[in-house]
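Each remark here refers to the structure printed beneath this line.
Chain lettering (A, B, C, D, E, F and G) follows the sequence in which the chains are written, and residue indices restart at 1 in each chain.
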Amino acid sequence: MYPIINKDYCKGCNLCVEVCPKRVFEKGMEITHRGYYAAVVKYKEQCTNFKIPNGGKPLCEICWLTCPEHAIEFKED
Amino acid sequence: MLTPGRYFLAGNIAAAEAALIAGCRFYAGYPITPSSELMEHMAKRMPEENGVFIQMEDELSAISAIIGAAWTGKKAMTATSGPGFSLMQENIGYAAMTETPIVIVDVMRGGPSTGQPTIVAQGDVLQSRFGSHGDYETIVLAPNSVQELFDLTIRAFNLASIFRNPVIVLSDAELAHMVEKIEVAQKYDIVEFNQVEVDLVPSFVPLGYGFKVAVTGLTHNFKGYPITNDVKVHRELVTRLVDKIIKNEPTISDVEIINPEAETIIVSYGISSRAAYPIIKDNKDVGLFRPRTLWPFPESKFKEIVKGKRVIILEMNLRGYAIEVERVGRKYGGKDFETIHIIGGEVPKPSHIEEVL
Amino acid sequence: MEFFDFYRKDRWPHQFCPGCGLGTIMNCLYKAFNDLNIDIDKTVFVSGIGCTGRVPGYINADSLHTTHGRAIAFATGIKLSRPDLNVIVISGDGDLFAIGGNHIIHAARRNIDLKVIAVNNANYGLTGGQMAPTTPYNMITTTTPYGQREYPFALAELIAAAGANYVARWTTAHPNQLVKSIKEAMQTKGFSFIEVISQCPVNFGRRNKMGDPVFHLRWIKDHSVPISKMTFDINSPYDIVDLNTKGIYIIGDLVKRNRSPYGEIEKEIEVKGPQE
Amino acid sequence: MIEEAIHPKDIYLRSDRFPHIWCPGCGLGIVLKSYVDAISKLDIPLDHHVLVSGIGCTARLPGYANVDSYHTTHGRAIPFATGLKIVNPELQVTVISGDGDLFNIGGNHIIHAARRNMDILVVCVNNFNYGMTGGQHGATTPEGARTSTTPYGNIEHSFNLPYIMASLGASYVARWTSLHVRQLTKSIMKAMKMKGFSFIEVISPCPPNFGKYNKFNDGLSQMEFFYENSVLDNNADLSEAYIDFSGKRPLIVGEFVQRIRPSYIELERDLIKRAMEEP
Amino acid sequence: MNKKLIKPGNYFMNGNFACAEAALIAGMNFYAGYPITPSSEIMERLSYRLPQVGGHFIEMEDEIASMAAIVGASNAGAKAMTATSGPGFSLMQENIGLAVITETPVVIVDEMRGGPSTGLPTRVGQGDVMQAMWGTHGDHEAIAYAPSSVQEMFDLTIKAFNTAEKYRNPVIVLTDQVIGHMSERLLVKNYEEYEVIEREIRKFPDPIGKVHDFSIDYVPMVIAGKGFHYNIDSLTHDEMGYPSNDPKIEEMMVRHLVEKIRKNEDNIVEYKEYLTDDAEVLIIAYGITARSSIEAIRKLREKGIRAGMLRPITLWPIPKRKIERLSEKIHIIFVPEINFGQYSHAIREHTKVPVKEIHFPPGAVPDPKIIIRNIEGDAT
Amino acid sequence: MINLDFESEKVYNTGRAPINIHAFKVPLGKVHIIKERCKECGYCWTYCPKEVLEKSDYVNKNGYHPPRIKKGKESACVACGMCEAICPDFAIFVEEIKNE
Amino acid sequence: MKKEIRVYGYGGQGIITLGHLIGESAVEDKKEVIMTEEYSPYITGGWSRADLIISDEAIDYPLISGIDYLITLSQEGLDVNINEVKNDGMIFLDSDLVNYSDFKGNFIPVKAKKISEKLGNPRSMNMVILGVFVSRTGIVSKDAAINAIKKRFPKYADENVKAFEVGFRGEEY
């Protein structure tokens, strides 16, 4: 399981970059159609949830909780 | 609840008992002379009827609390007087905007500001219609006896339930403390929410039943979501809010007309209208037009009798209902308009009218 | 319950500014509700005016967006006439404490069973960033161009003094603790109050060199001190007032007590006049 | 030995309006006495004293004192006083009003004035009910007490006024009963000399309303209750200083808070100076 | 004159800023307010500017407190003002009554937005016109100015202070969201060209001997801290300021409060006429609606309809003598308003000519085309 | 006029010297009663430490019984001022007699 | 001569400031000008717009009836307003933010966001657009515009004027 960023929702606040203890995210360089720089998932394998198999509960979730836009979702590998 | 029969009650107590008969089960208020007795009576009676009584920290919160309670599907009311009524204005607008059925009893006293707490006046007549900002309509009832205060309070709850609108009962300091004989009938028609369907009035969906209601005082669409950048939504909403009262004016309005053929018509309401009866009794050339519903203005009833007549308006303020009477009267061919203003706490006497006649 | 069962998907994405803390609080609210499995049909969300006042509009439950400052009074009416409902008030600091300050202290005094989440972003965000009663000393807003020179409110301490049963303060930098605190509040009977310090990078932050939400969040984190590490006696409110003035937020559960909620006061308290 | 004479305090009073409207046994006259006593002893010029009040029995008090007096709308005495004080900081603005006026309808204004540390003295005469309108319950009515709107006993908790004021950072907080006349006078004098927001709660009997409903037949029996139950404790834990009339809890009185920090007026003066110097 | 005031010259400024700057020129030195869209800019501007000229700015906890604070400040001798909008104006009503009964000069700027309730915060409305007159309970007369351009917003704010001082009454500047947020060219004249009435404060010892005088319209004001030791009361009071239960005194006092405005109506009332000399059709419009109406008149004249316009600058008191005089030669009056018919009620009282209302829902500036269509239908 | 000094109070509270009772003269007071202002609350005769006052038979114009000096207690007043301080109606005051 | 201008975009992009600068410059040029502004209640992220009328004569009706010049910095601005643009009207837009391939008209694409970022201050995006606007339309003079900028941003005049100049020259970095 690893995080992905929904570019329709992201407003580029970069709070996920700040709060992630494992430095999974990084500031983005591409402008979305709403005019924001969406953050990107750079090192998805560093995420604490990375090795959790299907149906498992995410461990850390701090990025999910902090993201004000609900733009971060967890996806199965 | 009062059993059918005859009673000797003060106006404030009668209004409170009437509310209980009408099904009011939530009262929030704040003490203010001369409406305090109504609240004190409710404090005693509400728990007995399994209703909720709460004394809030001010009038702002009193009306807020009854709007909140009304949204859970309870019939709710508050009572106040001059300064408290001024404080409630903002949330009367909110109730009109969100179409919340509530009843407010305003016991008028001398103003402006703190003015004269214990004397009678009719200075809040236009405030009850125009007091909150923006375009809205209220239903305002004006009784002139304790019996009528009793009956009209029940009607106020019915009108509120039918039209989903704040309804104001304009009592006054005299009526509130006046003790009179009243008769309680065997049965009253009590209208529950959604019992009667009227054009332009959507059905009432209370909170807490899983409907996921969204209520907002902002301009909102049919779902209740705030829409603040679409002029059309606002136009539709406000037009409907106004029309639902104005278009139903013939069914809402209720007047007393005596001697409709007379050349001279006295227009009066509330306690001041009682000065007119002795004159009409002796003199068939003088008629009386007494609106029990002040707002919406009973235009459909007034236009039938006003043509070519001399109109004398009698009220206890310096400028009030007369402007509306003149407006409508002129429109339908009324001839002369005179106003008798009486202020200072004196209830008009027949001699005041005789002077003008 | 999926996230979009709790929130109205047809209104998403919400219109809060990028980096606004309200989104974080909305996540925490969802998580607490999901964990406790609370029936959302039996829950009413009430709010006043302001950015935070728009939050219930996004929640897929009964919601009441009221006039400025009166949210608590509306909620009181709802709770008293339908005691079976969970009534949650979520509103901003300006709404609850500036214009509505009277209603909240009275609700806390009555100890009525409401759950109040006050989002404190230290200014009026919706109207363009004016000074609020929570703006820390010397901070700049549009109506304090020379720096705020009033002392800010200590919201949580005031509500504790007014008589609430559960009082806590957390920040958006502590989302997990916030979730726990919301759960605690939901399970406490009586008036429960949670103050959440939140970032407002666009209005408050930008004028105070914290225009980037990341900086603002860092500032909040640096200025919050857990109550467990405090060395003074929390029963003495004076020290707390002083700390608050300096813009330091004491986070944690301030008060947990068991006064009887409104309507359940012990009947034996009887006034005994000397004549008896 | 007994003869008619002019009361020595009459020069501070509008004596042509006496006797006042308050009921026999009411504590308000005592508060008025303490106030005029205090201003007669202080070195603040009499012309600088201003009394502001809201609505209620207590609010009629300024009408009897021979100083500039303002009787304003219900609950709004404090913002009115705020306006007066900011414009003319020379004035010694005192707000004397009732518990209902200051803490029910005006609760918001008093907490904000205390937060700002506005330079005014607030004397709250707490008689546990709305006396003027006929004895309804208020935010200070003790649990279980009967009033005209709590015929089955009060089911609400009451405010602990000194605790709230202290939690807001008020500069001076004290509580007395109307039996503690001399302490009250001294307290008023001290508060007037202090900078910042000062708050004095005066517990006062209300024989015809609160007393009548709660088996205190006259003012004397209520005074008797204060006499028997009040305990002087300047260092009391304020969170425990609730009042109830069950007799189980002592009535804690005293000067609870005296703290010095810059008041609003001082801070504002500083700000204006800075702004005016700016080019 | 203070060097920190706005310098004479041409500016591109919005209505709110113009209002704030004008208030400073009028000598305003106390402002209490609470932020509300769309009038917040007045407050923001003043928070920056007022301390610079040595005035006092305070942000209060709500609109009720703001209104009470300016009444208090005015009683201490300051020229005081507050600004608000719809819901805030509703909250202020009670204390506007306080200012009336204590005869305290204050200025209230109400920027109308769409209502009722919270309504449309960022959009225009004209729904508070009747509220300005009838909003507070009891009998009183209101004075309300309605500017229709940024320049007028500036000039009328100064005038509002003067009128307030002259009659010791609260004065309302009843503007709307469009004027407040609209930027226009603003000409600030030399300071000497502005008439600023300074408050006449009674000197101690008091020559009059009582705080109020119900027999004359204007008595110099008593302010705190000068040694008068008078009681100022919000209850019905006698001339000494003491509360009274006497119906006679109630009548005397209320009559005085009302008559001092009614008697001086001719001095207060202001209006502007456009092409009324040969008009057959009259439009009465105010505020932003007046500007749409001029556009409509121009087009109507092209079509051969002789239309004219009366623009009341003082909405209250209503320019009734002018309306009566104009009604002698015109056939019909149209009243376009951004509400569902408010001011038209007041106009009907003073004319026998049919009065047609043209309603515009709150939210947008009236479209001249709709005005034209309405008038064409009836006038031809 | 007096000057308030917060510090002096502390000193007063901490170090108190024994009073030389012979050096003090008990002051003598004269009670003045303004009968028409009295509302018969009873505070003065209840809280007079020397029990100088009692309810009288006289009825004033409002129907109240003002206090009077008890028989035999004419010279018992020590001018403590309690009755003056506690009277809510400004109906009683004490004058200290300064003659030797 | 009467020209009607609309500036449209997201809140936070400096839309109102841009409108204000155009108006301020017109006042410097001694023209009559009126600006009305509107925005959603949300500070950033919501839409916002400024409408200006610049004329030699007094302006009565304050709203615009058609658009001579449209400046848009958001897709929504183009979609909503394209029908109101007059036949000879010009549309200024940021080609990174707005896709105009589906529409017809006299488009003037400016890569304002990219340019301003290269200049070091993304906030000066509106200055670049202003520069292009002034040079292409000539409705206000260059000096007036520069004076207006200096008046508005006394502290940051240099970098804003620099961005303006870049836009005015029509250079691409």
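The rule we apply is simple: contacts are C-beta pairs under 8 Å (C-beta built on N, C-alpha and C of every residue); 3 or more make two chains touch, one makes a residue touch a chain.
These numbers were taken from a predicted model, which means no experiment stands behind them.
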- Query: When every step has to jump to a touching chain, what is the lowest number of steps that links subunit A to subunit E?
  - Reply: 2
- Item | Maximum centroid distance from subunit C, chain identifier (CA atoms) | F
- Note on the structure: If you tally C-beta contacts across B-D and across B-C, the winner is B-C
- Note on the structure: dist(centroid_CA(subunit D), centroid_CA(subunit E)) in Å evaluates to 38
- Query: Once you find the CA centre of subunit A and the CA centre of subunit F, what distance in Å lies between them?
  - Reply: 81
- Query: Distance-wise, how many Å sit between the C-alpha centres of subunit F and subunit G, to the nearest whole number?
  - Reply: 83
- Query: Where the CA atoms of subunit A average out and where those of subunit D average out, how many Å apart are those spots?
  - Reply: 58
- Task: Would you give the residues of subunit B that are in contact with at least 2 other chains, written as numbers and ranges?
- Result: 57-58, 60, 83, 90-91, 94, 113-114, 216-218, 228
- Pull out every residue in subunit F that's touching 2 or more other chains. none
- Item | Two or more partner chains touched - positions in subunit D | 55, 71, 73, 104-105, 107-108, 112, 139, 268, 271, 274-275
- So in the complex, which bits of subunit A are touching subunit C? 8-9, 11-15, 17-19, 36, 62, 64-70
- Sort out for me which residues of subunit A touch subunit G in the complex. 11, 31, 33-35
- subunit E to subunit G touching residues, read off their complex: 10-12, 14, 37, 121-123, 178, 181-185, 288, 291-292, 294-295, 298, 365, 368
- The residues of subunit C that touch subunit A in their complex are 3, 7, 12-14, 16-24, 26-28, 31, 172-173, 175-176, 179, 201, 212-214, 217-218
- Within their complex, state which residues of subunit G touch subunit A. 10, 13, 45, 73-75, 96-97, 113
